[in-house]
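Going by the order they are written in, the chains are A, B, C and D; count residues from 1 in each one.
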Amino acid sequence: MNEKIFRDPVHNYISITEPLIYDLINTKEFQRLRRIKQLATTSYTFHGAEHSRFSHCLGVYHIASRVIDHFEKHYPQDWNQEDSLLAMTAALLHDLGHGAYSHTFEHLFDTDHEAITQDIITNSQTEVNAVLRRVAPDFPDKVASVINHTYPNKQVEQLISSQIDCDRMDYLLRDAYYTGASYGQFDLTRILSVIRPHGNGIAFTINGTHAIEDYLVSRYQMYMQVYFHPASRAMEVLLQNLLKRAKKLYSAQKDYFKRTAPALIPFFENNYELKDYLSLDDGVMNTYFQMWMQADDAILADLANRFINRKLFKSLIITDESQTSLAEMKHLVSAIGYNPDYYTAKHKNFDLPYDIYRPEKENPRTQIELLQKDGSLIELSQESALVKSLTGTVHGDYRFYFPAEMLETDDLFQKEKEIFINYIQNDYLL
Amino acid sequence: MNEKIFRDPVHNYISITEPLIYDLINTKEFQRLRRIKQLATTSYTFHGAEHSRFSHCLGVYHIASRVIDHFEKHYPQDWNQEDSLLAMTAALLHDLGHGAYSHTFEHLFDTDHEAITQDIITNSQTEVNAVLRRVAPDFPDKVASVINHTYPNKQVEQLISSQIDCDRMDYLLRDAYYTGASYGQFDLTRILSVIRPHGNGIAFTINGTHAIEDYLVSRYQMYMQVYFHPASRAMEVLLQNLLKRAKKLYSAQKDYFKRTAPALIPFFENNYELKDYLSLDDGVMNTYFQMWMQADDAILADLANRFINRKLFKSLIITDESQTSLAEMKHLVSAIGYNPDYYTAKHKNFDLPYDIYRPEKENPRTQIELLQKDGSLIELSQESALVKSLTGTVHGDYRFYFPAEMLETDDLFQKEKEIFINYIQNDYLL
Amino acid sequence: MNEKIFRDPVHNYISITEPLIYDLINTKEFQRLRRIKQLATTSYTFHGAEHSRFSHCLGVYHIASRVIDHFEKHYPQDWNQEDSLLAMTAALLHDLGHGAYSHTFEHLFDTDHEAITQDIITNSQTEVNAVLRRVAPDFPDKVASVINHTYPNKQVEQLISSQIDCDRMDYLLRDAYYTGASYGQFDLTRILSVIRPHGNGIAFTINGTHAIEDYLVSRYQMYMQVYFHPASRAMEVLLQNLLKRAKKLYSAQKDYFKRTAPALIPFFENNYELKDYLSLDDGVMNTYFQMWMQADDAILADLANRFINRKLFKSLIITDESQTSLAEMKHLVSAIGYNPDYYTAKHKNFDLPYDIYRPEKENPRTQIELLQKDGSLIELSQESALVKSLTGTVHGDYRFYFPAEMLETDDLFQKEKEIFINYIQNDYLL
Amino acid sequence: MNEKIFRDPVHNYISITEPLIYDLINTKEFQRLRRIKQLATTSYTFHGAEHSRFSHCLGVYHIASRVIDHFEKHYPQDWNQEDSLLAMTAALLHDLGHGAYSHTFEHLFDTDHEAITQDIITNSQTEVNAVLRRVAPDFPDKVASVINHTYPNKQVEQLISSQIDCDRMDYLLRDAYYTGASYGQFDLTRILSVIRPHGNGIAFTINGTHAIEDYLVSRYQMYMQVYFHPASRAMEVLLQNLLKRAKKLYSAQKDYFKRTAPALIPFFENNYELKDYLSLDDGVMNTYFQMWMQADDAILADLANRFINRKLFKSLIITDESQTSLAEMKHLVSAIGYNPDYYTAKHKNFDLPYDIYRPEKENPRTQIELLQKDGSLIELSQESALVKSLTGTVHGDYRFYFPAEMLETDDLFQKEKEIFINYIQNDYLL
């Protein structure tokens, strides 16, 4: 095969020389990722971030292939070259099971994108599976085992899924590029020159400490400023309440939903197959929501309209002390005529930026290890004051969402609204 | 109103201080632009270019507001400040009437996005119109007159639509950023510092000549390398043949199409209103195409599948001499079982990078004028050898599209395919 | 005056519209800054960082002028417009007194670049002073008072000199650009949109917290990775020992130094005037060192040669415990024939990245304050976990420098050198 | 040897794995390049462009090593691997003979930097020669033969010196980066992926046409806007007249010049050796000029002062017709008291952006060839309208320089000056 080149704004050029990789990209399951936005509702806040999971997956593949080139060239005795194609394939396919508005959808319909990724890979009905089988009959299972963390070579797993993996490195750079949030930038080239296979995992030469520190700080800042942005979460909350309403109405209005949202029926019925899942994407969902804007049910129609036309809920930070005020807040929302089940929501977003290995935890993390001149390893937070400050502590907030109309006091409900507003100071619920 | 800030990856920050502008952005007609890709099928070639018309329109507004600030500050006597808000509004709204896959759609259904832009602005049923009327009853008509080139102040018109206008400056920078094609970059800041109102038009101080030259060269290169890319046009050709097939089938299968593509019916019937047009977007169209992949009609299903899953046609350049071979090529395509009406196409893409004012032409262009130290004007191509080489000559190519299967000779039709292949040399049809 | 434009790689364009500023740039004292590198010996480690203090000073002026534009436009009642020109002038001139290899030079010859800056501004013999006097007879003194922190309007002072001032913002961006160390980048545009005059100082709107946090983290990383780089300090140590040797030899070899280093004589004599100081620059110093490479004194010649041809000393980190080994290390250096007074050195580099206001300290810092929605102020480290981790603690290291020859064991002194090497582990002195 | 890494702002990281290359960088002749600015007087116009020939030479090496990696990996049968080290060495050393303000200096003292490059390489007294001899006794001569175009393998020569060579590719990118003139950017990565050895030269795969076109346009724009900038040439003209004056005065004032400019004496005497040449650099020259500012000769002192403190001459474009006015212009300059031999100058700057091979010419150029799918070659300008417009035609201008004082009419010489000014229109001499 001739080299295939993809022009990529983040990595400049992505070169494909393996026919397997190129054929995987051309499957319908992989092409489907073009129709799913990488950042779901975030593009409603950062309008530039309209990129798809397709471009992210190519990017993860690209970073993985650069790491593996580096391993093969500089550490041939520490890296098993027979795992190279496997690692690149897993990198390319790791997000294959993501669906439209994944997080919200999973929450409501109890789907699991990681399980679906494995299903697409191992299900003999898919084009992806057919391409993988050409390598070897057990190759699909091997790829799936990397995804579900059971593959014996932990070096491969850590490349795909760890505190500093190819997935995270691509999404930070890519999301920073598309949102325009410069904080997400870090020195990928430097990290790729200090990464190395070591024992049954990955380590980094100690003179790369600052680049890794910078990567972790960038990741933290992207979470705080982009991924946890209150306005994107307002859209997520709207979507959640909208789907909750549809699900509620479904049993009484099956015909209406069969006509306006045919591909959602298996999920309302809680009886879906892989092909049903694969028929959903952002465009299909939004097409349904646009139909629902004309629904007879006023709540369904209004929430659909708010979502499609970006009429955001507002929010406040809830503290431990102010939780007790929530009932009163909902009561006030209700008092002016909004059903609080669909017009309010609580939303938590917390992230643990980095942690050391804690064997007592349920899912202990693999800590980042630095290789010193004398050959010994040292854990990252021992070397970096910044990383130490981010280690083992979660960051984020917990918010209460409500209609923006609660803050516009020039109407009949002025009194209730003023009581409501008195509960607010500096974006906190009192 | 507090200043509203949009984080934009191209212009860094876009600041909105006019309530009118902010309210227009929040209308449903403007929010709809989020669901239409700026570059239609180009993202199938340059996967990074998934940005929407929404972000481009914000960008045009931003450039216009910078130009106008500059005019108000430095040339208060040459620029009529009463036109400032009008110019910014027209900049924001100039692309409002674009629809899903506009060029292909317009060609098949005889719609016109410029006319629709004016309709959205002046039609009393739209939210945009309601917001505009708050300025003055005749404000919608004034905005529309800028779009249709009848507004008396030609300075305003040239900002929105000329050989170097805010629209082009934004799309070149934006498309370059999202495709990753560095050629599209030029020095916007410099151009914005040498632009000035002059007489009944726009001129540029002569020391900005090189920046303008660079802009025109960048534009030329974006056309040659990005906008006219044969692979994107392959998708356009697929789309055109797919919609042509659907239109052909419609009268015999009305029920099928009413069920699978309800929002297209008014267009099949050639009897649509503005609201019908506004209900279409990329996601809606793709949802329909995904339905059609299961159609009984084999051609409709196959073309839908090729479009959704990016199975591209191949192409050759047609020269004046080789036009006579086209009949034979189609014949060969037919001979191996493909209906050439739907499995071949001719596609022309030509652009005139720059031209001087030629009054004898039907739509003469406004030439770019440079202001010299002694106050006299000189036309750009007189000052720049590069521009001179691009003046008055169209660039592009004319291609013949056919199924990639014509080039795979390992089957029954080997003989026909070899004849076909013999007509090809260096991507040219012989 | 016509607008004067400087093309700047960091800020794109720097525009000068004030004749005063343009005339100051054209004085010989300001043009002299072209002949002094911004980062002294750092360009021997980061070869790209060959930029001069001239470009930095222009950059500080540019940032200050943007801040002041913002203040005048948005906070006319909180900012005294009569101080605008003063603040821009002080920004431009704040580093005027820097000399060749300032830090080393000051240490050895007891000069003080801040005092010299004030002297250039107020001394009636300078072109700078003549230009300033054209504004008002007391204008030079006012500018000097901003530099020495006695000007009553603390807003002006904080723009020029505080924990987040125009000087620091320019040098971080500029040094990051020229070294290629991406860590130094931060979001200047964002900071310039949230800065505001407040009371008798400067504050930042709270929604800019992350941009300021990012600035402080960037500053910390530039110190750790660029400014404190051991190799640049090796050059500084060489320079220091070289000048120390020259000073030592001077009284016995006055004629030699008068011939080879005429402009240094007033400093060897400890009897210099402003014009003597201004006659020195990097090129003059290096010209002298190149002469000294042929000196009869072997140590002077050798150190000059090492400096000019970049033969670096090596270094180790000294801990509290390992200080006791220093005598032995020097002894070993001496044992193989190097005079430890000129062939070893200790070098400390520590920085306090940020601190709150601590009135009990000698030079308490002005803390960074954030303005909340309800109008109250909150100190930065209360809002940012990252900043908190950098507050009040110094970072850096303390190193012992010695000839690289100590590590090459293939000669007569193998035994001594092996003892020496045994004191080293992972770049630490044991 | 461990890999050595140089952080480079243009190429990000430059990696050195060959001990030969690293040892060459550490010679005193190569380190000397740190003390010579890449763009001579251009930094007086583009203040950011203070980078040295040292960083450029590293960059050329880096590009060459990337090309050679590509050749070795993809075209092992078309590229002679035995020439790899030679090509990288020649790339690193090709500019070694450049001196302070080379072009002006060569013109006045009849030196030749290419001959000196060869001398440094082959002269047994240099450190560079000693390092090269370690490879093989004839290696210095081989390297020199690449520099002087006599090496038999023309692939090697074209990498170092042709219309698209590693030298030009680095200096365009680097000078664009440091000046801030974005026009110089082009897509290096793309060019490095389409370059290939072909026959006895270099060719480019045809799908890289646009990248090469863009490179040539960028080069043209850098010449027009940066390298030929009238203000930098004003400094060059000042320097030329200053050295001309010194040379004129020398025979009568030998002692004065021996004291103030010792390293220039061999050049005044026209009797210099390599070591004399190597002892000059920008800092040494400027140190001398600063001494001359106090000279008794008024012209020498004044020109030195104008050069050091950037008091530029002004200029006009001379056309074929206006040449006849030059005598009158000089007469007017003389009339107001300036010696026209030292206070005026004519300065031509013309460049031929690209040309095809023209065997009839004295130094015919090697044309750029594109490799088509069928294996045939086609010359670049046949494929690119932009390149065609730049082929075979020189671009630039011819200017007359004079003191800026000629334009300030408020003095005794008002009448002469007004006559002078009447000869000027739009920067042209009439």
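Structural remarks
The rule is short, and it goes like this: contacts are C-beta pairs under 8 Å (C-beta built on N, C-alpha and C of every residue); 3 or more make two chains touch, one makes a residue touch a chain.
Not measured: the values here are computed from a predicted model.
In summary, the pair chain B and chain D forms a contact in which both copies contribute largely the same residue numbers, shared numbers making up over half of all those used.
Of the two chain pairs examined here, A-D and A-C, the one linked by more C-beta pairs in contact is A-C. Ranked by distance of CA centroids from chain C, the top chain is B.
Centres computed as Cα averages put chain A at a distance of 51 Å from chain D. Centre-to-centre separation of chain A and chain C, using mean CA positions: 43 Å.
In chain B, the residues that reach two or more other chains under the touch definition are 12. Only residues 5, 12-13, 189-190, 193 of chain B touch chain C when the two sit together in their complex. Those residues of chain A that touch chain C in the complex are listed here as 182-183, 185-187, 206, 210, 213-214, 217, 220-221, 224-225, 372-374, 385-386, 388-390, 393, 395, 425-427. Note for the complex: chain A touches chain B at residues 6-10, 12, 26, 28, 31, 34-35, 43-44, 46-48, 50-52, 54-55, 58, 177-181, 279, 281-284, 286-287, 290, 308-310.
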